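Step one of this worksheet: look at the structure below.
For reference, chains read A, B, C and D in written order, and residue numbers begin at 1 within each chain.
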Amino acid sequence: MSGSPILSVRDVQVSFPVGGLTTRSAILGVAGVSFDVHRGETFALVGESGSGKTTLARAINGLQHVSDGSITFDGERIDVLGKSGMKQIRRRMSMMFQDPVGSLSPRMTVGDLVTEPFRIHGTEGRNLRDEANRLLTLVGLPADFASRYPHQLSGGQARRVGVARAIALNPSLIIADEPTAGLDVSVQGEVLNLLNELRERLGLAMVIITHNLHVVHHVADRMAVMYLGRFVETGETEAVFAAPRHPYTAALLSANPEPDPDRAHDRITLPAEVPSLLSRPLGCEFHTRCPWAQSICTTAQPPSGNVACHFPLEPGARPPSKKVPS
Amino acid sequence: MSTLSISGLNVYFSTEDGPLHALKDVGFDVPERRIVGIVGESGCGKSTLINAILGLLADNGDIRSGEIVFEGMRDLTKLSARGMQDLRGLRISTVFQDPMGALNPVLSVGRQMTNIQYRSGQSHSEKVARAIEMLKLVRIPDAENALARYPHQFSGGMKQRIAIAMALMMEPALLIADEPTTALDATLEVTTIELLKDLQEKIGCSVLFISHHLGVIAELCDDVVVMYAGEVVERGTVRDVFQRPSHPYTRRLLECDPARQTQRTRVLPTIPGEIPDLRARPAGCVFAARCLDRHDGCDQHQPERSVSGGHAVRCNLVGSRQTQGEQA
Amino acid sequence: MRSVRRLLREPLGVFGLALVLLVIFGAIFADLLTSWDPTRINPRDRFLGPSTDHLLGTDQLGRDLFARVLHGGRIALYVALVSTAISLAIGIVLGLIAGYGPRWLDNLLILLFDAMKSFPTVMLALALVTITGPSLTAVIVVVILVNVPGYARIVRTQTIAIKTSEFVTAAQSMGASTTRILRVHIMPNVIGPLVILASMDIPVVIAIEAGMSFLGLGVRPPTPSWGSILNDGFGQIRETPWIAIAGGLPIIITTLGFTFLGETLRDVFDPRLKGR
Amino acid sequence: MLNYAIKRLGLSVAIVSLAMFLLFCMIYLVPGDPASVALGPRATDAMKEALRVKMGLDQPIWVQFMNFFMGAWTGDLGEEVLSGRPVLDVVFEQLPYTLVLIAGGISWSVALGIPLGCWAAIKRGSLADRMVGILSVAVIAVPSFVIAIYALLIFSVTLRWLPAIGAGEPGDVGDQLIHLILPSLAVGLGWVGYIARMVRASMLEVLEASHIRTARAFGLPDRTITYRYALTIAILPTITLLGVGIGQMLSSAVFAEIVFARPGVGKLVYDAILTRNFPVVTGAVLVTTVIFVLLNLIADLIVGALDPRVRSSF
């Protein structure tokens, strides 16, 4: 972890207007998060649907307006850049989207798709056909795939094309939104291995957005867990997996059924539903579902830091008896 | 007696490029009061199997041969549309994957729940009481008032619980659950599974649970059926199959699940290759092309061999040669 | 090629294609197919019934109806082609602006389309022609006014659907310019279905032209048009019904032909559009 | 729902206002002088000038527009050139005939179209389905005036089953109904096809929805599924389509009124053009436009009231 971080996010907020003509207000999709990503590192953003992880990723990539805070990429503040400034940044920061096939333009061939970055940023005397061959080889696809259309690809193949597009311009950072979504288990590994291999070979930094904790365990160096647009816990992946300190992280980890029928399931069950962003709970926003919640949690905001909790868990902590409301 | 007993089931679809052999010699039992999981990746024929059982195959689908015997007496493949309809909802119920689309958007939840009791012969108020009872059972808050609301006023998790309530309302002998938790978040997924298990014990029905999620199957089910390319490649109790997988595909599939790797690794196992084109099935073993242990004999047909008790594997290697997995 | 083969396997499509080819052939080779002049008046040959000499008979001025029908086809096809092409061009531009432009402009354009659509077609035509007087141009203007809001709306809906799709977001994340996104990612996905829908609108265009000419608001006499033949015949429908039949038959053949062909083409090329 | 209704009403007012503006632009910006048009080619310059003053054409364009606009909203559509009667009265006198004609057309299209569409959807892929499909597109394709003339030729002139002209004796409902059959069929036949197609398409879409699969899996009888679960949803876009259809039926009504020599707004406008009675033309266009927008509004409100997703949003 030497040198300055490639990406530095500070107190970033993203708000959306809601309501009709009379009742206009705003909700916070991302409610103030900070983190750094260093060169050659993989950072994972983990959260369930509605946690704001995708919104955050789009904000970093400039696809979403940042309402407060700052984003610094490679020493340059990018949340204030205009269109042309951002275009220069996008040569060095690329993004992969959730839907493997749907993120590929349906009427373009694979060859056109993988060389699209060059068409956008100037070819600089490159032979596009050679580039297409080079990129397809790099992601392990035969060169004759260049003439295929997206609907003729399997999910895994389409995902590889997406990776090829993302690395075309030799970026320093890739943001991957659910890179394994919609893929079978046997194919998930292929994609993750490919990303890992490329990250090592090309010295990339990566931000992976996912709801799948098992994926995080194997690919990320550090991770952050998001709940209602905030980080509830940040840390080294191994440390978080070994001993989660925020109750929500602990619940998420225990909610992951493992393919072993004899493994004891000491599960932390979360009562109630995720609160609506329109009416954020007071105090600690997790208190409505937290088995450990005490009276202070309903009034005071938890301390900021790596673990946003009034009472961080000790290793191996169990929920307090069975007074959990059902 | 088994609640459901399927044997030698072959299903074809007619397509523009010729007949597609979607299910080949599928056979397994769903014993009484047990939860049987079906696991497999996309294209393995899980959905076709459910539709075949329910008599809801698409127009171009056709059951060429085989039996689906329900409660030891009725062969569902020979049942008339009317006879099938009489069973559905009453003796066989289903929960589908998509909680958003599973309920009719223009009818209130109460209306939908009373409508499906049309065969109960009870008065309207009794039907309403039954509906409220079921909603309470699946932990819908404020069940009395929930009846007047419409599906779009519930969250995804709640809709799926309502769907489960509707499926179990008539206390069926068999519940078919088609990936009911796939669209839900992890924390919701486990609560839904636990709910399903509780209800199954209360009602005492059998469950056929379809999922691609190995962890969910391991946790919920008693028995498991592993499918690949429209064939049952292995079946047995969850403990046997997950702890002593005998088919190379099952073994590799289990290895691929990142949850199985407790040690952190940077290189995850994969299964290179694709499933074969079901319009031109290979003559021999359907997994041969991707199998690391294959030998020349794999290109001929493979018999079904029982390893022990109810643990059956469709593979040439089992019995003839010890495989790596069993040595370990 | 596969699509063409599938089209030829559909009896209805083949039937439609045959009718359309018949009409186009008749219009192109009108001068070779008959030696009669469609506009020459022969007072001595008035109201002649169909015969080998006059295949469809003659009208109240003694003009050969077969010749008038063939030449009327030219007018109908000309109006259909020109006005559809112009409507498509305007509709695509307005639709892209509404779909991809700022929200207020979208709202304004949608309101404009709704207002244009809220005039009953024939009423609009009547009002317009009252001022400008009947002409072919007036017919084309009416067709454009009628078609553009519909096309623009379809393009707008598609554009909005596509602009939030992941592949467009992906292009934006690579830094693609607005023109590139419109040209490379949106247009190719919008135009295909639109052209099919527009081809299915050709019968409507032909009906508008014939209808306006029937009311005397279209082409000026003596230029032959199917609508004006129908009008000539309508006055004498009790005495000499063949004139009205001669005017109506080509309209039926053409509209049915284009419709059957269009329906089949749509099913073959883009089954998603079914039921539009 | 109330909020939705208010919003939808506001939109309708905006559409009518914009339509008035467009009509104004068309009249005053398109080459041609309404005064000369009204008086014909033999009028002297002095006569034209006098009429121009009378019609307010000598005033600045924005004053003209405000006069036109305010007048239109308050029902003052000007006066008939010759008789001096208010245009609104003249139009309203003819309007009932046209509305009856359109109501007849709608009756045909609903009474035949919905059952046919349903039937085709249920018997999907059968010969009956294909026949309904071909007949639907055929009646949509053929213009209504051709249908009107051929129907006149066959049923009135040749077979002499039905009367050819007029709206029937005033006061004699039976006679009026007999006179209504052919014209309303000409107006509504195409819409039988439209409605049948729409009902079929949306029925098929709904029948493929997963909640219908769920309903089947619960063993609900086919009749319940088709009529209570599917048709209640499939009918919604059909109602919207009917709202749009009324606009086109207004157009077809012009032809039907001319062909069958029926009184009505279409006939009124047609005659007004021949006599260059210009204010009547614009007045009739405005009235029909307002009716069209109004009926669309009603259709949307009905759909809103039937769809709980709209009803409960505010």
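Keep this in mind: contacts are C-beta pairs under 8 Å (C-beta built on N, C-alpha and C of every residue); 3 or more make two chains touch, one makes a residue touch a chain.
The structure presented is a predicted model; accordingly, all values stated were derived computationally and were not measured.
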Touch-network distance, chain B to chain C, counted in steps: 2
Pair joined by the larger number of C-beta contacts - C-D, A-B: C-D
Whole-Å separation of chain centres (CA-atom averages), chain B against chain D: 53
Euclidean distance of C-alpha centroids - chain C vs chain D, Å: 21
Chain A and chain B, separation of their C-alpha mean positions in angstrom: 31
Residues of chain C touching chain A in the complex: 165-177, 180, 184-185, 188-189
Residue numbers on chain D that touch chain C, as the complex places them: 11, 14-16, 18-19, 21-23, 26-27, 30-32, 34, 37, 134, 137-138, 140-143, 145-146, 149-150, 152-153, 157-158, 197-198, 200-202, 204-205, 244, 247-248, 250-252, 254-255, 258-259, 266, 269-270, 273, 276, 278, 281-282, 284-285, 288-289, 292-293, 296
In the complex, chain B residues that touch chain A: 41-42, 139, 155, 157-158, 185-187, 189-191, 193-194, 212-219, 238-239, 242-243, 252-254, 256-261, 264-272, 274
Parts of chain A lying in touch with chain B, wherever the complex brings them together: 48-49, 154-155, 184-190, 192-193, 196, 211-215, 217-219, 237-238, 251-252, 255-262, 265, 267, 269-270, 273, 326
Of chain D, residues touching chain B in the complex: 125, 209-222, 224, 228-229, 232-233, 306-309, 312
